[in-house]
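Two complexes are shown next, each including subunit A; its partner changes from subunit B in the first to subunit C in the second.
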Partner chain A sequence: MRLLIVDDSSIMRRIIEKNLKDYDIEIIGMAADGDEAVKLVKGEMPDVITLDITMPGMDGLACLDQIMAIHPAAKVMIITALSDKLTGLRALDKGARGFLYKPVNAKDLANAFDRLLKRNKPTIE
Partner chain B sequence: MKTSKAEFDATCNLFINSVNNYFRHLTEIDSELNVPYLKESEGLLLKDYTGMIGISGNRKGFVYISSNREMYEDLIKIFIGIDEPSEEDILDMAGEISNVVAGNVRANLGANFMISVPLVFKGMPDQLKIPDDVTIYVIPINWNNHEAFVVIGLQ
Partner chain C sequence: MKILYDLPIRIKFAVVLIPLIVIIICFDYLQIRHNYLDYNDSERLNITLKLGVEINQAVHELQKERSIAIGYTSSEGIKFLEELKKQRSISDAALNKFYTELGKPETSEVTIRHNDELKLLQSKFESLKGIRGKIDKRSLQSSQILNYYSEINNIALNTVDLLINETRDKEIAQQVHALIYFLKAKEEASIERAIGTQALSSKEMNDELYSAFTSLVAKEQSYIDAFLVIADAESQGSYSREISGHDVEEVDRLRNIIHLRTTFDVEPSYWYDMTTSKINSLKKVEDQISERLLSRTVDLSSSAFRKFWSFVIVDIVIGAMAMWLMSIIVSNLLANVKTLEKFTLRISQGDWSSKVSIPTKDEIGQYAKTFNVMVDEINASHDILRKERDKAKFLYHNIYRVSMLVFKNIHQGIFLLDRNFKMSKLYSKAMEKIFGVNKIAGENFSNFMRPLIIPRDLEALEMFMRHLFNEDMDEDVVNQLNPIEQVKIFNEINGVVTTKYIRVNFTRIWGKNRIVNVMVTVSDETESVLLQKHLEEAEKQKKQETEQVLSILKIDPSVIRGFLYNSKKTLKSISERYESDKESDLKMLLDFTFQTIHSLKANAVVIGLEIMSEKFHSIEETIEKLKAKEVTGKDFLTVLYEIDDADKMIDDMNSMLRKVADVYRKYPSGGSVASNIMLVDSLERSVKVLSDKMDKPVDFFFKNEENLVLSGEQVEQCKDIMLQLIRNSIKHGIEDREVRLKQGKLLRGNINVELEHPKKNTLQIVYKDDGKGLDVSEIKDKAVKKGLITDYEAKKMTDKKAVNLIFENGFSTSDKVDEHAGRGQGMSLVKSLIEELKAKFKMDYEAGKYFKLVISLPFKDDAGKIEENEAIDS
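For the complex of A and B:
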C-alpha cells in the first residue's frame, strides 16, 4: 500500500507518519499544499492519501476534485479541523472514503485506517 | 463594543470546550482555565510564539493562541518524540493548535464560520494591526504548568 500525506503542518505530517509505522504502508511522499499534492498524485498514483482541507493555495476540497479526476481509485481520507458535518458530507460526496476530525491521536488514526483499508464504503469518524 | 453576558458566555464556552478537548484528547493532561474577560484592543496579550487564524463568513475577526516556547516543546515531544525542535517546528505547532481550536468550533457555528490558514509569528510583529471594531475575549489557560492565552476578536 502506497501512501501520500497532505497537510500544511509539518508536525501533523510527522504525526501521521509516526502513527502508521505498524502498517504495511510505504510513504511515497508528503505535500504541504494542494498543488504539490496533485503533482505527486500524477507522478506516483498512490493507493491511499490523507488530505487536510485548510491549506494555502488550493485547499483540500479543490485538491480532492483534481485527485478524483486523475486517480479515482485512490482511497482518500480527509483529516481536518473543520468539524462541521456539511464539510464532511461535501468531501464524501466528492469521493473521499473516510473523514477524520482533528485533534487526531494514535488510536483515532489506527481505527480510521483499519476501516479505510478493509472497507470501500465512505465513513465519517 | 458592548457585549451581552449571554453572548460573552456562549463565545467563551465554545472556545473553552475546543481548547479543553484539544489538550485532553491529545495529551491526557487537562488544561486549567482562568476566568475569561473582555479586553480593549490596545496592548494585546502575546507570549513568545503565536498562531493566529483569520475568521470570515458570517462572523469576522480572528482567534489566536499564544504561549512560550516550552509549551510547544512539550507538545512536540508528546506528539513526535523530538527533544529539541527547530524554530520552524515551534511555529508550526503554534499554527496547528490555533487551526484545530478554531476549526473545531464549526461543529457548533457551522460551515459559514470560515477560517484562514494560520499566521504564525514570534514576539510582536510591527505590522500586526488589530481592528478596533471587534470585541476581544481573553481566555487565560494553563496546561502542564505552561501559561497560554486564547484570544478571540469578533465583530
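For the complex of A and C:
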C-alpha cells in the first residue's frame, strides 16, 4: 500500500507520518497544497491519500475532484479540523471513503486505515 | 327459466318425470285399446262369417232348387217332380239353420248393426213360399223362375258381402273378397246350370238365351280369374285340387255342345248332374275357404285377446317396475342430497367433527368423498392454524407485547427508515413526546425534520442518509458525519415555541447483502444539556468564588479592604442620591451613576480585582444600553438591581476576606511573627508595585518590627491604614524625580514606618514620608471645588483646620480617577479605619519636607482586655 499525505501544515504532515510509523504502509510522498498533490497523484498513482480540506489555493474538495478524475481507484481519507459535517458529506459525495477529525492519534489513524483498507482488525482486548 | 333453476331437486325430478310417465301411460292405453278393438273385430268377423256360411249354404240349396224348378217347368211337369220336392225340404232345412244361427244371442250385436239388410233378406226368403206355389201351378215361365231365384240369391250374396266385409285385417279382408268373388262365380255357374238344363229340356235355344248363356260363362270365368288373383295359396290349391276330373271336363264338353246350338241330344238330367257335381265341387272349395277364414278369425281373436292381456300385464309389470326403480333411484338420490345438505348445514354451523357417509359410488358419493377429504384437510389446516395461533399468542405475549411495551414506555424515540427515507409505521411512543407531533408513520424523514432544523443541517441530513444507505460506505465513517448527532430543534406546541436538544443516532440494518433499513434512535437531551449549562454556570460561579479568594490572597488585603470599604460607601451614596433626587433629571442621574461605576471599575482594575471590575463593567454596559434610549424611572430598577448585586458581591468578598483573616489567625503558623512578616512583606510589595507604576522610586523602611503585638485582625487593619497612607504618599506626597532633583532632595523617595515600644496597652505607630507635605491652599481649592466648603470659608479657615479637610469624605486631591487614588478614597478611609480600631491619631507635616502621622493603637494584652480610649477628634 502506497500513501500520499496532503496537508498544508508541516506539523500535521509529520504527525501523520510519525503516527503511521508502526502501520504497514509505505509513504511515497507529501504535498503541502492541492497543485502539488495533483502532480504527485499523476506521477505516483498512490493507493491511499490523506487529504486536508482547508488549504491555501486549491481547497481539499476541489483537489479531491481532480484526484478522482485522474485516479478513481484511489482511496481518499479526509483528515480535517473542520467540524462542519456538510463539507465532510460533500467529500463523501465526491468519492472520499474515509474521514477523520484532527487532532489525530496513532490508534485513531490505524483504525481509520483498517476500515478504509478493509483490513481485519487484530483482536486486541 | 329462473324459476325452474330455483326449484328444489325433488320438484325438478317431478317436473321431468311426471310428463314422461303420462306419455308412457297414454301410449300404453292406445296399445291396449288397439288390441281390444282387434279382438272385438275378430270376434264379430267370426260371428258374421258363421252367419255368412249359413246364408251361403241356403243360397247353395236355393240354386239347386232353382235349377230343378226350371227343369220341372221346362218339361211341362213331367220331369223333376220328385227331385223338386226333395230339394225344397233340403232348402228349408238350410234356411232353418240360418235362422237358428241368426237367433243365437252372440249374433244379436250383428243383427242390430245389419238390421236393414237382414230384414230384406228374411222378406226375400219368405217370398219363396209364393214362388213355389206358382211353380206348382205352372203359372211361371222358366225365365221368371230364374229371375225370382236369382234375385233372392243376389240379395243373399250382397248381405254376405256386407256382413263379412268389415274387417280391419288386410289379409282377411283380401281373402273375404276372394270368397265373395268365388261365391259370385258359383252363382253364375248355378245360373249356367239352370239355363243349360232349360235349353236341353226344351231342345232349343233362342238368341236371347244364348247370349245370356255366353255372358254367364264369361262372367263366371272372370270371377274365377279375379278369385285366383287375390286368393291365397291354400285357396288356390283347394280350387285346382277340387275343380278337375271327369265331371268338370264333361261340363266343359256339354257347354261347348250348347255353344254350338246344333244338336241338343243330351239328356238334361245328365247336364244337370254334371254341373251339379261341379257346383258341389265349387261348394267344397267355398266351404274350405269359409272354414279357413273362420279358423283364422278365431286365431285372430284369440291372439288379439292374448295380446290385449299380455299388453295389460306387461304394461302393469313394466309400469310397476319403472315406478319402483324410479322411486328407488329418486329416493336414494334425494336422500343422499338431503344427507349432503344436512352435512353442509352442519359444517356451515361450524361443526367440523363428523363426516358425511354416502355409500353410493355415483357423483354424490364422489362429492361426499371429496367433502370428507376436504373436511379432513380443513381440520388439518385448523390444527395447523390453531398451532400457529398458539405460536402467535406465545409470540405476542413473549415478544410482541414486550416489544410494544418497550416501544410504548421507552424514553428514546425509535423507528426504522426505509431506503426511501420513509419512517416506519411502528415507532416508540416517545417520538410523539419528543417531537410533539402525531404524524410520524410513513413520513419522509427529511420532510419531518425540515421545520425543526436549519436548512444547512437539513441539506447535510439528506446527503448523510444517502450515504447511510450506500453499502460501499463504511458505517463508522458515515456516522462520524451525522449532522444531527446533537442538534437543537425548535418546535411549536400550541403556539409556544420550545427549544429542545436531541441526539439522533443511526444504525444500519442489513438484509442478505444490502441495507434494508436504518434504525434511528432519538434521545431528548434537553435536561442534560440544560444541566450541563447549569453546571457550567455553577462552575463559573465557583470559578468566580475561587477568583475572589485568589484575588484576596493575591492582592494586599488592606488594599482590598480599602477598596471594598470605599466601594460600598460609594454604592450606598448612589442609592441615597436616588432616594433624594427622585424628581431630578433622570438623564443626569444616569450620567452620574455611570461616572461613579466607571471610577469604581477603574479602582478595581488598579488593584487587580478582576472579578469586581468585570461586575462593574457589566453594570456599565447596562447603563450604556439605557443611555441609548429614553430613560424612565422603571429602567433604574435594573441598574439598582445590578448595583445591589455588586453590593452583595462586596459583602461576599468582605466576609471572604474575614474568613481568610480568620484562617490566618487560627492557624498563625508562627504566631504574630508570621503575620508581622506578612504585614511587612505586603507593605514592601505595595510600595514596590506603586512606585514602579508611578515611576517614582521609593525606599520603604519598617522599623521596630518586634514591637508589633497586635492581633491578626488589628494587624490587618493596620496594614490597610498603612497601605492607604503609602498610596497617598506615593501619589500625592512624593514628588516626581525632576521636582525632587530641583529641590535638592534624594532622587529616591523615602517612607518610614516605626513602631514605638508598646506601653499601657497602646502601640504607637509613626508613619512618615519625605514628600512635599501638605499644601494648604491646594487643599482649600480642592475642598471648594468639591463643594466641601465655600470660598469664604476657605479664606477664613486656619491652616490647621484646612489640613483636616483631607479626612473629609468626598475629598480627593486627584482630579483624575486613576488606579492609585480613587474618588472619595484616601485619607477619609484612613480616618474611618483608625476610628474602627478605636485608635487615636495625630498628623504632622512640613511643606516641601515631610508628612507624618502618629497613630496610638490600643491592643489586647495577654488577658484579652482592651484598653478603652477616647478617640481624638483632630
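Methods note: the second predicted complex is superposed on the first by the 118 of 125 C-alpha atoms of A that agree within 3 Å, B and C clash if a C-alpha of one lies under 4 Å from a C-alpha of the other, contacts with A are read in each partner's own complex, and residues count from 1 in each chain.
Following the convention adopted for this analysis, a contact is a pair of C-beta atoms (placed from the backbone, for glycine too) under 8 Å apart; a residue touches a chain by one contact, two chains touch by 3 or more.
As the structure is a computational prediction, the values presented were derived from the model and not from experiment.
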Looking at the overlay, what does A:Met55 touch: subunit B (first), subunit C (second), both, or neither?
first
Touched partner set for A:Ile79, first subunit B, second subunit C, both or neither
neither
Please work out whether A:Tyr101 is in contact with subunit B alone, subunit C alone, both, or neither, and reply first, second, both or neither.
both
Now for A:Asp93: first (subunit B), second (subunit C), both, or neither, which partner does it touch?
second
Once the structures are superposed on A, label A:Leu116 by its partner contacts, choosing first (subunit B), second (subunit C), both or neither.
second
For the overlaid complexes, name the partner, subunit B or subunit C, with more touching residues on subunit A.
B
Looking at the overlay, does A:Ile11 come into contact with subunit B only (first), subunit C only (second), both, or neither?
first
Residues of subunit A at both interfaces, subunit B in one complex, subunit C in the other:
86, 101
Residue ranges of subunit A in contact with subunit C within the complex
85-86, 88-90, 92-93, 97-101, 112, 115-116
Within the complex, subunit A is touched by subunit B residues 21-22, 25-26, 76, 79-81, 88-89, 92-93, 95-96, 99-107, 109-111, 113, 115-117
Touching subunit A in the complex, subunit C uses residues 456-457, 459-460, 463-464, 467, 472-474, 476-478, 480-483
Once bound in the complex, which stretches of subunit A touch subunit B?
8-12, 14-15, 18, 54-56, 80-84, 86-87, 101-103, 105
